[in-house]
Every structure is written in C-alpha cells, then in structure tokens.
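Lettered A, B, C and D in written order, each chain numbered from 1.
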Amino acid sequence: MQKFTQHHNNFAQAWITMLKHPLEHFINILVLALIIGICAAGLSLNNSLNNWQQKNVSYPQMMLYLDHNANQADIENIEKILNNVAKNTIRDYKYISKQQALTELQQDKQMKSIASDVIDPNNNPLPDVLIVNTATAESTILAKLNTQLSQLPMVDNIQLDMNYANKIQQLLSFTSKISTMAQALFILVLSLVIYNMVRLQMMLKSDAIKVSRLIGASDSFIMMPLFHYAIWQVTLAYLLACGILKLMTANLNNLFANFGALFGKGFEFTTLSIAEFGLMWLVIIVFTIFTVFLAVRWVFRNSYTQ
Amino acid sequence: MHDNKIIKFQHVSKIYTDNIIAIDNLSFDIEKGELVFLAGHSGAGKSTILKLIAGIETATKGDILVSGTNLSITSQNYRTFIRQHIGFVFQDHKILFDRNVFDNVRLTLDILSKYSEKEIHERVVNALESVGLEHKINSRPEQLSGGEQQRLCIARAIVHKPKILLADEPTANLDRANVLKILELFKKFHSSGVTIIISAHDESILSDYGKRILQLSNGRFRG
Amino acid sequence: MQKFTQHHNNFAQAWITMLKHPLEHFINILVLALIIGICAAGLSLNNSLNNWQQKNVSYPQMMLYLDHNANQADIENIEKILNNVAKNTIRDYKYISKQQALTELQQDKQMKSIASDVIDPNNNPLPDVLIVNTATAESTILAKLNTQLSQLPMVDNIQLDMNYANKIQQLLSFTSKISTMAQALFILVLSLVIYNMVRLQMMLKSDAIKVSRLIGASDSFIMMPLFHYAIWQVTLAYLLACGILKLMTANLNNLFANFGALFGKGFEFTTLSIAEFGLMWLVIIVFTIFTVFLAVRWVFRNSYTQ
Amino acid sequence: MHDNKIIKFQHVSKIYTDNIIAIDNLSFDIEKGELVFLAGHSGAGKSTILKLIAGIETATKGDILVSGTNLSITSQNYRTFIRQHIGFVFQDHKILFDRNVFDNVRLTLDILSKYSEKEIHERVVNALESVGLEHKINSRPEQLSGGEQQRLCIARAIVHKPKILLADEPTANLDRANVLKILELFKKFHSSGVTIIISAHDESILSDYGKRILQLSNGRFRG
C-alpha cells in the first residue's frame, strides 16, 4: 500500500517536472527519439532488404536459349530437371515461346523501330526461352547451376551476368553489415545518452539526494524517481520516434512505388505490427531500467560516499 | 548497565585529510534519555562528534557504539538506515530550496515510508506548530528569514519523533525569546525519553539548565 | 590586458571542466556531432545531386532516327540546327552512323544472340542515329524540343521517354526538397540542443551565478565562461562530425564506384575543401554564440531577477 | 549636509508576496563612516533592510538613497553594478562549494577585473589572515567548520576594501573569542572610514560598543 503511494507520488513528480519545463524536456525527448529512430530505421531497413531479397528482383535471372530445333518433349524434359533443383537455388521459371518473344519484341518501345525493320514475322528467327528466377546470390552456387544447365540437351546458350550477381550480393551483405554495425553503435549511443540524462538529473537534484541520504534514505528511495523520470522520457521518445518513422516510411514507400519502374520493382519499407511495437517498447524499457541502475550506482560511487 | 548507555565513545579519534585532528582520543558515554550540551570554540570538533554519532563520518581510530551497534564495523547501508531513527539539526540547515516548507518537513516521513497521507499531514503540521512556523507552511524556503529557516530544520528533525536528537547549533540564528522556546521544546522531548545532544558555542544559554555540559577544546575535553 | 587574463582563465576553466568529466562531455559532443553530421550530410547530398545533375546521366537522351535516305548534307543540316539550340537545353550530341550502330549491336552481349540470327551484315537495316544529350529535365522544354526536331527533314522518328524525364525530375526535386527541409529541421534541433546545453550548464552552475550576481557580476562576466564552454564543445563536435563524414564519404564513394555500372555512373559524394571547412566552422560558431546569448537572456529572464 | 548621509531611508516599506509586511514605513539616515548595529528578533526585518540597501530587493514604497543615488529609479543593471562597491556578509554564507577557499575569496576581485594575479593573491591572503583562516587557504569549503565558513564569508566581503560593509549576523556561528576578533576587525575598518552596518539578534554582544543601535521589531523601530 505504502509502496503504491510512493510509486504514485513519484509518477506524479516525474510528470510535474516535465510539464514545468516542457521545452527542455522536449529537447531531451527529441534527442532520444532521434537516436531510437535511427536504431529502428536501421532495423527496418535490414528487414526490408531481407524481404526484398526474397522477391525475384534481387537475384539474377538466367536465360536459357533453346536450340531452334527443340520440340515440346525437349522442353518438358528440361522443365523436369529444373523442377528437381533445390528450391533455395531456383525459385521458379517461366517458358516463353518464340511466338510470344516476337510479340513482346514488337511491342517493346525501344526495340520496335529496329525490330520492325529487320524481322520478318512470317519467319520468326527468335529462339524459345526459359527464364529461370534463381533464389540465391551466391556466385559459386550460380556458377555450378550454370554449368549443370548448359550441359542439358537442346540448351543452346545460357545468359547469366555473374558480375551482376556478385555485385548484388556484395551490395546486400555490405548494406546489412553497415546497418547492423550502425545499429550496435546507436544502441551504445542510446545507453550513453540515457546514462547522461540520469546523471544530469542526479546532479540537478544533488542537494535533495545528499540531504535525503543524510536523513536516512535508502538506495531505492533515491532511485525510484529517477526510474520514473527515465521511463517516461524514453517512452515518449519511443512514441515520437515511431510516429516519425511511420510518416517517413509511408512517404518513402509512396516514392518507391512511383519510381519502382526505374530502380527495380518491389522494394518497400516494412512497418511494425502492434505486437512488435509493444515488444520493442518492452525491450527499450528493460534496457532503460538497466542503464538507470548502472548510472545511479556509478554516480553514487563517484560522489555520495555516505 | 550496558543497556543504559545509548552512545559510547571509546578512544575515538577523527583525523581528516591533511592530518587535521578534529577529535583526539575521546571517550565518553551518554545514557538513554539524557540531555547533554556540547560546548566549545569554533573548530573545537562539536559538529564532528555529532556526525560521528549519526554515522555521517567514520572514526579514524576507536569504537563508537550507538544502541549497542558498533558503527566502525557496520556497512555503509546500515549506517544510513540507522539515521532513520535519529533526528539531526544541521548547522548549515540543509534545507531544500526546490520544495516548499511542508515538503521539506515531510521528506523525513517519506523516507520512513510507513505513514499515510493523513498521518503525514498531521505530523508535519504539529512539528511546524511546535517551532512556530505553522503560518509559513506553504512558503518557499527562500521566503523565510534566517531564524525561520533554522526552525524549519528543527521541525524536520523532530517530525518523526526520533529516539536520538542531535542538534548542531540549533539556536545560532535565533533571538533570546526564540532560543528559550526551542530549548523548552527540547526539554519537553527530553522528558518523553528522547536522548538529546545539543552543541553550542555560546555558553551563556547553557549555564541555566543544570544539565551535563561536555566542554570541548581542539578535539579534547577541557580541564 | 585584464580582459585577456579573463579570457585566458575562462578558456582554461572550460577545458578543466571538460577534462574532469570526459565521458559526460564526450556524450554531449557526440550528440552535437550527430546533429551537425546529419546537417552536413544533407548539405553534401544536395551538392552531390547538383553535381550529378550537371553530368549527362541525369537528363534524358533523345534518339533521332534518321530516314534511310538521309545523306551527308542532310545530317550536316540537322547538326547545324542542333548547334543553334540554347546550351541549357541541349548539352551535346553525337552522330552514330548505321555502320557504327551495327558493329555496336553485334558486340552487345544481350543483343548478340538475337542480332546474329536476324541481321544480314551486307544489308544493314539500321538507321543513322543522332544521340542528343539534353541539359534539362523540364518536361515542357523537352516536349517543345521534341516537336521542333521531329519537324526537321529526314528525321524519321524521335525517341524520348517523357515519363522517364518526368520521373527523374520529380525524384531530384523531391530529394532536394526533403533534404533541405531535413536540414532546416536539424538546424532547429541543433539550436535547441545548444540552448539546452547552455541552460543545463547554467543550472549546474546556478549557485555560482546567483552568488556572482549578488556581489556585483555583470552579464558579460557570467556569459563569458558559457561562451567558452559552448564554443569548445561545438568545435569538438564539428571536428568529430567532419571526421565521421569524411570516413563515410570515402567508403560510400568507393561503394558507388564499385556499383556504378548498376546504378548509373558518375554519382559521387562531394567533400569539403579546406576553405569551405573553415567557413562552415565560422558559421557554426557565430550561430553558437548567438544561441548562447539568447539562451542566457532567456534563463536570466526566467530565474535570476536581481 | 547631503554629502554626509551615505544611506537614506525615506518612508520605506517592503511588502513581500502574500502581503507579508517586512518593513513598515521606515525612515532613517546613516552617515558616511558610521558604524551602526541593527538589532531585532527573528523575522524583525534586519536582513530585509540590508538587502534593500544593496539593491538585492527593491522597496515597495518610499525611496532609498545610497551615495545620493535613488535605488528605486535606477535600472537593475546599475543596482548590480553598485554592489561591486559594497561588501555583503550573507546570513546563510552563500559560499560556493565548487571551488576552494582561495577561489571563493578571489571571486569578488575577479568581478571587479582590475587586479593582476599578483595583487589578487596578496589581497586574498591578507583577507584570510585578518579572519584567521590563512591555514585553510587551499581547503574545500566542505572541510571547514560552521564558524570557519562564516569567517570565509567575511573575508570575501572585505577583500576588495569596499566603501560600505553590510554584515548580516556575521557572528552567529562564532564563540566569544572569535566574535571579539571579528568585531575588532570591523572597528579597524570603521576607523579607516568605511561605513558599516551589522545586524545581530544577540543584543549582549552589542551593548559594549557604545555605537548607535537600531532596534527593530516587526518591521518598525522599537520605542
């Protein structure tokens, strides 16, 4: 009962402190939100990249140009073999007949003027094609697949830009490495900033803390208002950060949708579900409590020896 | 016999940094319920003795026993805990300027965290009345005169009815009428069984009371 | 002379304060650096985008396919007209003869397998082409140019993806708008953080400030140590931010160089020259002094009335 | 005649918030070079009068003239500036705990910013010697006893040899020997032409001096 009253008083005190100096606390919250926001943006970017990787755009396509003499049976044979390749190597494939290819070519804006001049529709010179969407960017696996498929009967020619595959892979691993590192860095910065916030709060209240200890206050009596203060600051910062990210994500996704055609289709920033949102808040709060605890111990050790 | 001595100093010395000997091999006992005056010149060691009893400072040599507990071998946390049962009137008041008079006094009760809001209010009002500050209950400390601040500090020290009351120059900023009032208050406490130690540089106010006076000079007893 | 001593003392005091609590001041500097860094990164991104725009990649190309019967005189006539178009509309152009086009086509990886099957090298079906590099992304200007050029004799067909031009233009203006807005926002955040730093410093030193005023200290006596403190904090933060940006820029430019082929050539983050570096420092310092001044006035007004 | 009155109170009232009348229509003059005692019970208004003279508080009604300047119609900045020529011993000491004894005293000289480092050192050492604190020159304030802190505050108030010295209960925390020493110091100052006003609640220390005593009670002169 008394514990509850104490919590209630400390809760009220934290809000009174914040409302008395709204601008100053807003600045504090803004800085926290900035850092939480950068952490969360990194997380979201990583997630989104993973999602994007799962779509076809990110892995190289293989074009299997078949021999002019290939017939329906040959094609079915090749399809059977493709079906047996592990799902994490080939995601799917698509057969495009020479007729389809010609029609597409004639509809293609860029090719039209050339195609119309040079191709006689009655004597289609194009080959049948199998477009294979791979499911990996690992260049060694792709190279192996390449050799394997090129030995199939009736496969005339395989196009696979290994360079491209290599580069995409590098890019993705580089981005995710950078973003993971940045996240770790920012979690460090976040704990430093929370530590500093608590330390400053203790310095601003140092008279009250000293006098309280002189008349017998326990550690928990002194820590409790700091916990309340820090938890509310961090929670408000978290909400602000989520709000900003939500807004930014929506805008950027809009943008990506507009320019999708230019820069590769399907990229989209993922947003948090309510469960994830709650979970992340919990993680941040536990982390805050831990940081406050360490900060208080540290400051005690360095100044209030009694 | 042991039970009767609530405070025991056994060959206690306190040497601060730079080899400043504030207390020099001092031994004395104080009985439960006694009222003792601690007199001496500026720098004699009066405040140091009171801080040692409250566990705010630790002895460099010797043993200090408070209610049978040897402070020299207890943990810091326990020494802090002991202070919950002591009232301390600080020489420099140590009033908190970030809260009003009422909240300054209630701090002592908050730390004990065993009173309801109603009890807290009653006790604080009583304490302020006994030092003549009831009309300043909602004032900020910076709105009080020097003597009023001193009385506020006394109210904070007595609000939880401690077993031991240590008062460091509690009347330095008070005129004679107020001094008499505060001393009356202490005597009333004394008669209800509280052990009280009062330090003062001004022997004239002490002589009338016929109580034990410890005369300090440079960290030793005079005479 | 006395003024100098005073400055010297305040300078020493600022550094003593910082060196006594290195971690705490480092956190402060880190947060400032973060914000300065974000401002500077925005500036650099804007600059880099402008640079990139000046290169050909960002503006659409126009392909003028000439009539099969066009001869040398016709081509020279068209070139004369192109030369007369304003320089801020057409940057340059390049003539590619049908022979050249055929050779290129045969060397193109993607086209090779098709081209070899369908094109008879002795009867080149390709047209002569003039590739015009425009110097603007303004769709209205491009549309006008398009009509103008298509009315020329012997011009068979003009290819200009207006959609592409529109989108590039939108993208660029959007990015630069966002980045300008973000910069303005971060300059606001920067001033808030500096204000908060000064206010905290004043609160931590509030006893000294109050007593100084009680014994006759002038405003400037009280402000000077705060100026020294803030200027050094901000300068260190600026150096840190520049260091981090330099590192990041170098890494990113490396990355862009590697992936240049994938995402359009020539994009590069610009770095600051020493003069720009100094100028920016000056701007930040003047801005800091101004903010400190306002903060001190504000805090004075709200707390120290004597 | 006008020149001789360095401080003039003309029907001055000071009413704090909540309608607390600290000074009630008070008129008096103090001559250049005079030594005046201000006596009165706790809350009588002693500190308020000293703060009004120093321009720390402003009068609610009436005029206060210091060296011919009417404080009621000057700017805040000018009132702050005037304090550079006044020495003020604060009742609550107002010692800075973020610096040592030497730096506490030099603050007064730093604010005047017209002394070289060598002069500052000489003057600070002299001031500390005159209050008997020369051996504590490098101590931190928290290492001083209550009386030593009070003497530190006196040293800070006299280090720049002000024309007017306002001392608010400068001897509250001192034993008789130290009180006499400080009063001797003030008399020495007085004989070199400084105007001095000393407040005290304890009339016994004043009676010996045969100087003018202003007896305050509830913001008015007693009598």
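Going forward, contacts are C-beta pairs under 8 Å (C-beta built on N, C-alpha and C of every residue); 3 or more make two chains touch, one makes a residue touch a chain.
The structure presented is a predicted model; accordingly, all values stated were derived computationally and were not measured.
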item	value
Neighbouring chains common to chain B and chain C, by label	A, D
If a chain touches chain B and chain D alike, it appears here	none
Farthest chain (mean CA position) relative to chain A	D
Cα-centroid distance, chain A relative to chain D, in whole angstrom	68
Between chain C and chain D, centroid-to-centroid distance (C-alpha), Å	62
Interchain centroid distance [CA atoms averaged], chain A/chain C, Å	25
Overlap residues in chain C, where contacts from two or more other chains coincide	none
Where chain B touches two or more other chains at once, by residue number	none
Topology of the chain contact graph, where touching chains are joined (line, ring, star, complete, other)	ring
All touching chain pairs, where touch follows the definition stated at the start	A-B, A-C, B-D, C-D
Partner chain A, residues of chain B touching it in the complex	54-56, 76-77, 79-86, 88, 90, 94, 96-99, 107-108, 110-117, 156
List of chain A residues in touch with chain B within their complex	2-3, 5-6, 9, 205, 207-208, 210-219, 221, 305-306
Sites on chain C touched by chain A in the complex	23-24, 27-28, 30-31, 34-35, 65, 109-110, 113-114, 117-119, 125-127, 157, 159, 161, 164, 167-168, 170-171, 174, 189, 192-193, 195-196, 199-200, 203-204, 255, 258-259, 261-263
Residues of chain B touching chain D in the complex	16-18, 20, 40-43, 47, 91-93, 139, 143, 145-149, 151, 168-169, 172-178, 201-202, 204
